[in-house]
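Notes follow once the structure below has been shown.
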Amino acid sequence: MLSAFNFRVIWDYMGLFLQGLWATAWISAIGLAGALLVGIIACMMRISGKKLLSAPAIAYIELIRSTPLLVQLYFFYFGLPSLGIRFTEYQTGIFALSLNSGAYMSEILRAGVQSIPGGQIEAGIAFGLNYLQRLRYIILPQAIGVTIPPMLGQTIVLVKDSALLSLISVFELTRASQILTSERFMPAEGFLTVAVFYLLLYYILKSLSGWWQRHLIHRQA
Amino acid sequence: MIRFEKVNKWFGKHHVLQDIDFHVAAGDVAVICGPSGSGKSTLIRCINRLEPIQSGDIVVDGMSLTDRKTNITRLRAEVGFVFQQFNLYPHMTALENVILAPLKVRKMNRNEADELGRELLEKVGIQEKALAYPAQLSGGQQQRVAIARGLAMRPKIMLFDEPTSALDPEMINEVLDVMRKLAFEGMTMAVVTHEMGFAREVANNMVFMDEGKIIETGDPEQFYTHPENERTRLFLSKILSH
Amino acid sequence: MWSFYFSQLTDSIPFFLKGLWMTFKISGISLVLGTVLGFCVGIARASKVKPLRYILYVYVDFMRGTPYLVQIFIVFFILPEWGIQLAAFPAAIFSLTLYAGAYICEIVAGGIEAVDAGQTEAAMATGLNRFQRMRYVVMPQAMRTILPPLVGQYVLLIKDSSIVSVIGLTDITRVGWLTVQRIPEGIMVFGLVGILYFSICYPLILLSNWFERRLRAQGG
């Protein structure tokens, strides 16, 4: 089987693959930034204690978590134009990714914040710190350390999710493999190579997460 | 019954058992004591191969633990073990805890096993708690169920690893009573414990361990009144003073 | 215009229900097979046989490190090259089962590890062999840790099943995709698709949360 594997073709298309890889990295990075923005806002709304803010946040989160990303992607791709919003495919894709991962980031942040012992917050109140100050000096520094590994986990999910953008004609890594497959009728060379690239990204992110957890344990001691 | 021949064991670089020569005859009650980290728990856990050894040999009831042909599962059925933390199965009643092994290993039928279980629970004094779950039992009661469980396979040897160390003081005696009964019935026992009163009463061989070596062994009376070794004396004085 | 599209959409409801049925079938079968696979692999992970452990690690890492979209393309397009011709439906089940199995095996392995080591020692000490220890002592206790995330994983599976639409299977997502070509109201069409998925997934999420609360209440 592997003797028939045409490495030559892969080499020929390597430029395309690398461009795809680059595109995937960019899409994931911007998507991640968007997700963090959405996540922080949604989290703050969710834990605000005010029904007016927390109810829409909860509705948003549950809606995202109970529907497939692909459906959300198609929803925006086919739906936004009729609202008069003319995003490019690229923009639609990143928008959908940010909104999707944002819900999960929000829950991760919420778990991080709630993991901080209540006594510390009480101490903050006792010392006269207002809400924003408590957030900045007590809650966030501690919440961040604990939330980095699950956030990296969600980033891995985001990178894999970005593959779906190929279905709305966005050029990225998976699309590159589809192009090779349709031009040369060699699905093995196309898809397996791309799988290796994704695994590369996966292992990089995983080791980052491992490094952070060791670093954190070291600090907590 | 139990024979250790030049046994050595390492945990990584730590030499936990050093040239151990030790034996327990049938019907004997051996009590092993010593400071923590001395290797006494490890020693006893080697007997049913909960811990493997790197050199030397251990022969239990004629079967060598280092011999590849020895069926370790069968050997373990002949050796009952009682843990410091009881380790009862939380999802089963006391009775089920006791009869699990006889049912599955000896392939007893349900009625026989039930009868055996109840008989053993009566022997340890908690037959009325047969259908209770471990969470509903006190520490002392749980440990007694654990002893019944150990006896269920009709073992030739009973091993006890600090059986009362995890118990509140008022429950220690109920467990020691059961162990005393067993000893008087002639069961071969090896017990790791700090309970010196108990040891004095039932043991016919005292073993003092420190830093992986057996420092002194002997008859209990002799042991307490005229310990030969300085370290033994030191340890005894610390432990008997409270 | 909107009301015209709306009435067209209501006419398409039978089509959507067929898609719903397809989603049920695909998720349901893959769920069951994936659970069996996941449990086998999860238990086998603790095996002493080094080559076996190695193969399993490679399998799990591959499934978790690559997008499911790529995996389904591999199964559907590459296997025929190696002589295995699979129609869309079996290809989807096969790839989804392998995918699910890898995630479920992590959940199972985690649950087994969470069982106190003393339990295994106690079972060993009474002469129970490896199979008996697993069956009567370890697994019953592991199930309590496994159940909530397992149900959560089922939700993820049902959502990922939407990807089989790309190889032409008419599940809810594909029905939506086909419908939107005729009824160019993306919000209405995929709103309906979303509602259908929501009605399946949300109750399962609630179930998973309920399991988790019950587990915590019963204590370790």
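Labels for the chains are A, B and C, by order of writing; each one numbers its residues from 1.
In this section, contacts are C-beta pairs under 8 Å (C-beta built on N, C-alpha and C of every residue); 3 or more make two chains touch, one makes a residue touch a chain.
Being a predicted model, the structure only gives us computed values, none of them experimental.
Student: Which category does the touching pattern between chains fall into here: line, ring, star, complete, or other?
Tutor: The chain contacts form an open line.
Student: Hey, which chain ends up farthest from chain B, C-alpha centres compared?
Tutor: Between chain B and the rest, the longest centre separation is with A.
Student: From the C-alpha centre of chain A to that of chain C, how far is it in Å?
Tutor: About 20 Å separates the centre of chain A from that of chain C.
Student: Just the number, please: Cα centre separation of chain B and chain C in whole Å.
Tutor: It comes to 47 Å between the two C-alpha centres.
Student: Measuring from the mean C-alpha position of chain A to the mean C-alpha position of chain B, what distance in angstrom results?
Tutor: Computed value for the inter-centroid distance: 55 Å.
Student: Please name which positions on chain A make contact with chain C in the complex.
Tutor: For this pair, the touching residues of chain A are 1, 62-63, 65-72, 74-83, 156, 160-164, 166-167, 174, 177-178, 181, 187-188, 191-192, 194-195, 198-199, 202-203.
Student: Within their complex, state which residues of chain C touch chain A.
Tutor: So the residues of chain C in touch with chain A come to 61-62, 64-71, 73-74, 77-78, 81-82, 155, 159-163, 165-166, 173, 176-177, 180, 184-187, 189-191, 193-194, 197-198, 201-202, 205.
Student: For the complex, which residues does chain B have touching chain C?
Tutor: Residues 48, 50, 73-74, 76-77, 79-81, 83, 85, 87-91, 100-101, 104-105, 146, 149-150, 152-153 of chain B touch chain C in their complex.
Student: For a test of understanding, state which residues of chain C touch chain B in their complex under the given definition.
Tutor: Going by the criterion above, the answer is residues 116, 118-119, 121-129, 132, 136-137, 140-141.
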